[in-house]
Amino acid sequence: MGLQPYLILAACLFTIGLFGVLTRRNAIGILLGIELMLNAVNVNLVAFARFTGETAGLIFTLFTISITVAEVALGLAIVILIFRVRRTVEADQLHLLKG
Amino acid sequence: MSVLALEIGLGLLMLGVFAVGLVTRGDERRIVGLLSALGVLVLAVGSFFLEPSPAPAGGAFVLDGLALFGKQLFLVATFIGILGSLSLSDPAFRRRAPEYYLLLLASLLGMLVLASARELILLFVAFELMSIPLYVLSGFVKREDVAVEAALKFFLVGTVSSAILAYGLSFVYGATGTTDLAGVARALAAPGPLLMLGMLLVLAGLGFKIAAFPFHMWVPDTYEAASTPFVAWLSVAPKAAGFVAIFRVYLEGVGDPVALWVPIVAGLAAITMVAGNLMALPQRNSKRLLAYSGIAHIGYMLVGLAAVSASGTAMVLFYLVAYVFGNMGAFLVVESVAQAEGGSTHLDALRGLAQRSPLLALAMLLCLLSLGGIPFVAGFWAKLYVFWAAAQVGLYWLVLVGAVLTVVALFYYLILARRMYIEAPQRTGRIAVAPSLALAILICTLGVVGLGVYPKPLVEVALRVANGLF
Amino acid sequence: MNAGTLALAALGLPFCSFVLLAVALPLRRAGRAAGALSIAAIGGSLLASLVLWRTLPGESVELTWTWLPAEGGPMATVGILVDHLTASMLVLVALVSFLVQLYSLGYLEHETPPALGRYYAYHSLFAFSMLGLVLASNFLQMFIFWELVGLCSYLLIGFWYTKPEAARAAVKAFWVTKAGDLGFIIGIVLLWGQAGTFQFSRLFQMAGDRTLPTAGLALIMFLIYLGAVGKSAQFPLHVWLPDAMEGPTPVSALIHAATMVAAGVYLVSRVYPLFLLTPDVLALIGWVGAFTALLAATLGLVQADIKRVLAYSTVSQLGFMMAALGAGASDAGFFHLLTHGLFKALLFLGAGAVIHAVGTNDIWQMGRLARAMPQTMIVFLVGTLALAGIWPFAGFFSKDAVLAGVWEGGLAIPFLMLALSVFLTAFYMFRVVFVVFFGPRHAEGHAHDAPPVMAAPLWILAVLTVGWGIGLATRGGGEKAHGPEWVPWLATALAVAGIGFAWLTYQKRVVTPETLARAFAPVYTAAVGKFWLDDLYGGLYRSTLLGFSRLVGWVDRYLVDGLVNLASAWTLRWGDGLRRIQTGRAQDYLYGIAFGLLLVIVWGYWR
Amino acid sequence: MGWNGLPILTLITWAPFVGAVLIMFTARHHPLAVRLIGAVTTGISLVLSVAVYLAYDTEAAGFQFYEKIPLVPALGISYEVAVDGIGLILVLLTAIIIFSGVFASWTVQTRSQEFYALLLVLVTGVFGVFVSLDLFVFFLFYELAVLPMYLLIGIWGSSAQVRPRGIFGWAMRETGVGSKEYAAMKLTLYLLLGSAFILVGILALYMAAGGSSFSFLELEGAAFDPVLQRWVFLLFYVGFGVLAGIWPLHTWSPDGHASAPTAVSMLHAGVLMKLGAYGIVRLGMGLLPEGTHDWVWLVGTIATINIVYGALSAMAQTDLKYVIAYSSVSHMGIVLLGAATLTEAGLNGSVFQMFAHGIMTGLFFALVGLVYEKAHSREIFKMGGFGRMMPGIATAFTLGGLSSLGLPATSGFVAEFLTFLGAWRSAHSWWLFPAVAGTFLTAVYVLRVVKQIFWGEIPAHGEFHDLPDARGPEWVALGLLMFVIVLFGMVPWIAVYPIDTATVPLLIRLGIRP
């Protein structure tokens, strides 16, 4: 198996994630979409590392994973805060600020 | 001196802030603010004594001219921002002050590293280190209902952009087989489709950070909701960091093929200027207006970037400095007025400011004039220089668009001036300005006027820095 | 005292008087004291002029000072030029001014002191300007004073400025004469472009030794003549003069009969050597003059306002002078100017005395005044006879000279027109005399002769008119008439016929005016309608000029400026529209990111 | 240095500024003191201007009363002032107008100390422009003269009635045409846009000359590339032309002048528009001979359009201030036409017209201010018969009108006549005809206005009864201006001598005279 299928897989993951981000109204759902997008990055990096024999990609992957975790944790915290203040996590009902 | 001196110093400062935060209680915690201010001031002053060291070949962390210039800028901006924050007197804020300053300093650390990063992983990590505290900070304010909303939007847009950036970086890595930017620059001499895709994705990701249209949409909401001193800082420092990153990735050592990006950047510059200026016109909230005007300014800086020349880059650096002073000054004046007006940042709060506080009005006027590009305040030279740089490479149409939009920009700045000077005040009481805030505004005003009257030294420094990139 | 000093004194005295009256507010507000000062000043001028006239040296005296300096010699000078032409004109102007100012003391006795002070300030200014015009040594200076007398005319017509008719008439007079002056100033500029100087003496010298480039000279002289057309009320710019009668009667006598309106004639006489180079223009002047004379005479027939009759008669007589000039008889023209100045001032002042007594201008409201105002009747009759050209009054000789000159000049048709005018002049003037002084009494009133301060000027003018005529008669019937023997006979016959016809019509009522009107219906209708010239100009002014200005104003506000507003309004609208993409929904912001991503990628690959 | 060691031009320039500072810091709450400070400091400028005028040596010609203080030697920026024949007369003009302006705005009530302070700051800018030889400082002063205008109009201005109509009616409604805020904004944006052009032009010359000095005297010696000259002249023409009111960039001026308070209208129409023309003559023609030759056809042609178009527009107005404002547009055409003729007569006429029109329009705006203040109306066709109630104002207005239509013995005539002579001798002699036609149109609209407002009967609706005449301090302004109009109309050589010493060298530089 060559590099291309991995890239296509990653692209699919990224697109699905992006699609989810754009279509989910629930903030949690959007977070999941973002998670998918970042995972696409990981797939990419690992695949490239594997096929070029360069280890930097793997290290990069570790960093992305940890950063993703941090981001999602922060995201969930914000979502909880939102729910506490506004009693909803539907992203499109949060439009006090606009224009 | 180690190339890491500033980062180490900042780390120590953060530790100190953390420790003081642990041992103090309640109102005493104000002291962390003073400590951070002092510490950042020391670092800022110290940074001017550092000499740029020639970058070692393949070094991942460098302290070249650009890095040092960026760091000095970030430190000064942060110092002004912290000075402004010292005046925040909300009890809830005071209680959580160590948290606030720590996050601010953490983000600053991210910027400092970013300025030096010549390696993709480091770049990404520094980028995230800079960004993640910002999401928290933007929700860090009294009116929680809008603050959390702004934080969520900022977070969502920011993370998606981070994902795009990371995705792009993965392609860059894959196409070049290296994470070293020097290697990337070499590979750009003959870019393959994968590398092109990667670079475009990275551009989109960085576009979010500098808030170019259409990646700007988080900006107005966040600026409006977040606490003003923080916004003053948010509106300049991360943007400056974003530009430094762009210079690193797209210009440094790339040589001729940089022309590849001219149409895209020029296009982005044009639509950003148009959108920012036009959308600022109907605004009724000072912060929101300044947010859109800030977007427009990013457009002007992109004009300089679109020139992809040493002088263009230098002019963007100059512009950044002018923008730091002018924009922060304007935001801080808005904050001073808001503190006296029960937190209102509506344009009407500025009404009759000249009669209530002539000096404050004058400071605001000078900052606005600078932002508007009136001669003999800094912004004028900034605009002139970026247009000059663009004209030098034949981007006349872009200069024309920019010049016409300057008139539009002057329109809304003059509307602000009208509120302050022409209209009668709603309330007559004089406005008391917190000393730290006053100091911050004074620094900004002096910066604006000083650079306006005598821009030459800074121009020369900027040119030297920019020449190092090409 | 030498001639130059005398001339400067004559010029300077009214100027000083004007400055004093303009600046010293209490003096001006004092009214009669202001009048006294002004009269004293013009009296001094008169004295100086008389001495100058008597002691005039053989050749002309010229003094100049730099007015507009330039590299390598002045571009324009001011100065005085005194010769026989100037001297006689000076005397006329100073004399009539003096008499009229004196007369005004009585005529305007009911005015408030500030108004009277203003009146005399204007008069002093006028005297200064008119004397300056006469003394001018170059075209530029001539133009300067030319405009200043126009200004005085404007101010004095509008002396009763609260009267809407007076206000309208003043403005009309200024505009119409200004229209002619456009030609004048363009002519001066062109002449300067041609010859490089404004100086009369230089120009005459160049004309004399044929160094003046003649290319385009005809156009230049025509343009200069246009100034005279306006000021001397030649067709088609004569329309302002009758309306100018809204001013006080002494003003009409001075400015609109004796002096200012003659300035056009004086101008042509002054620069006659230049006109001689352009015979075509001269011929035009002759034709236009004769036509004006006839036209105005027909108009004079149908007026009911005594001053308007006199005004049209002035226009007509100015036509005579111009015709003479055009025919080459410049001396005759100027001669007629002088005599006309005297007897027309006399007529106006006489009419003023009548108006002052009965309080109306309408001749049909007067009648049988011969008994109530015998003195006035006599002097008015003297003036009328002079105007009609009856021997031995001064007018006879000058008119005869004009007719002879025109005939000699070979302008046959103009001659016929003038001859017809002579008849008509006698007719319409005696129409006035019969109706006013001998007609059936209509209005009750306490008409009586004018007080001495008014009567004295009348008598002086009357005596001069008669005395000059008799003097000329005894010296051989006026050496100026070189024409055929039959011309004076013809002129006298026509004049007598006119008088007789008027007697038949208005005294004996053998022929009724209505019959005449019916017999000459087309002419009558046209004359009543003032040949529709006023309507034409009014229409042009209102529809063309004002209409066009409104169009330009509209274009400026709604198109030129409108585009500016449009641009800014569009910008504001676009701003407001664009603002709406900022919906506040996080999802839309993410769409923004996706859109931006797409944009960048498409842009990147599409190139 | 200066005049017998006295830095006289510096004193003239900065005396009003000192006045402004004094007003802001000492006399904030004493209205009379504010006015007195204004009168005294501008009076000092006036007296010194007259002294300079008298002391100027027309034999020696050239720039005199020279002072120089290096500011930024590295960039070749210095405070370098001097006047030649043109600057001389414009400094005098400025001093007269501001001195009159101080008196004409004696009755300003709201925030008068700020008003006077801003006015004095502005006039410092104007003086500075006329005396500066260093282009950088010139530009600094230029901006100083433009920016306070926004506040002066915005705070103390008045709004006019403009009916939004026509195809762009909605646009007019949306931009708020007629309001003072609109006028102030339009004026400021226009002028700032113009100043951007100027600055680019100055910097281009600075760079092309080697980037070592901004001094006019040194740039004058530099030989610029013809292509550069062509473009830079155009920049100067458009940039300064906006301020000089060239068609079609003039539309800020009617609105701006109509909305501005009295003294500001006086200063703006009287002096600031001249500043534009001065810039074209001094920088455009003085530094760029070949550029001048390339473009005079355009300058002159636009100027003739200005003359006729402005006069016709003035005729169409019903608001008194608009009439005067449009007449300024028309008269500025004479100024630029005279300059474009490139003849001695024309240039002298141009500079003379700068002076004459400045004084005349200053008088006009002072009078309009008085009429408005007393009658509370600017609608010409609602007024009438004012001459009986305010004879003084009527006289002054008539005199101003006569000068405006170029009546001899007023300064307006000398200027126009010289311009006519120049126009006929220029390469485009047809310019003469629209210029002369303009004087006739002026006569039509000016006398129409005089007749409508001051003559005739007082309208029956009783709105105007017992309107007072001008009095006290106002007469100082009116009297001074009237005196100057007549003086310079009767003895023009006192101005033409010094002007000629400056225009002839200019012509020599332009290669028209050997």
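The letters A, B, C and D name the chains in turn, as written, and every chain counts its residues from 1.
In the analysis below, a contact is a pair of C-beta atoms (placed from the backbone, for glycine too) under 8 Å apart; a residue touches a chain by one contact, two chains touch by 3 or more.
Remember, it's a predicted structure, so these values are computed and weren't measured experimentally.
At the centre of the protein atoms shown, by the Cα-centroid criterion, sits D. Across the two candidate interfaces, A-B and B-C, the one carrying more C-beta contacts is A-B.
In this assembly, the C-alpha centroid of subunit A lies 26 Å from the C-alpha centroid of subunit B. Subunit B and subunit C have CA centres that are 78 Å apart. Separation between the centroids of subunit A and subunit D, computed from CA atoms only, is 66 Å. For the pair subunit A and subunit C, the distance between mean C-alpha positions equals 96 Å.
Touching two or more other chains at once are residues 152-153, 156, 160, 164, 220-221, 282-283, 411 of subunit B. Shared interface positions of subunit C, i.e. residues touching 2 or more other chains, are given as 568, 572, 579, 582, 584, 586, 590.
Across the whole structure, chains are in contact as follows: A-B, A-C, B-C, B-D, C-D. Every residue of subunit B that touches subunit D in the complex is listed here, in rising order: 355, 374-376, 384, 403, 406-407, 410-411, 414-415, 417-418, 421-422, 454, 456. Those residues of subunit C that touch subunit B in the shared complex are 568, 571-572, 574-576, 578-579, 581-582, 584, 586, 588-590, 592-593, 595-597, 599-601, 603-605, 607. For subunit D in complex with subunit C, the residues that touch the partner chain are 162, 165-168, 170-172, 174-175, 177, 186, 247-248, 251, 255, 309, 312-313, 315-317, 344-345, 348, 385, 387-388, 391, 402, 405, 407-409, 413-414, 417-418, 420-421, 424-425, 429, 432-433, 436-437, 439-441, 443-445, 447-448, 451, 454-457, 492-493, 496-497, 500, 504, 513.
Residues 66-71, 75, 114, 140, 143-148, 151, 154, 158, 161-164, 167-168, 170-171, 174-175, 178-179, 182, 185-186, 189-190, 192-193, 545-546, 548-550, 552-554, 556-566, 568-570, 572-573 of subunit C are the ones that touch subunit D when the two sit in their complex. Across the interface of their complex, subunit A is touched by residues 120-121, 124-125, 128, 132, 135-136, 139, 144-146, 148-153, 155-156, 159-160, 162-164, 166-167, 169-171, 173-174, 177-179, 220-221, 224-225, 282-283, 288 of subunit B.
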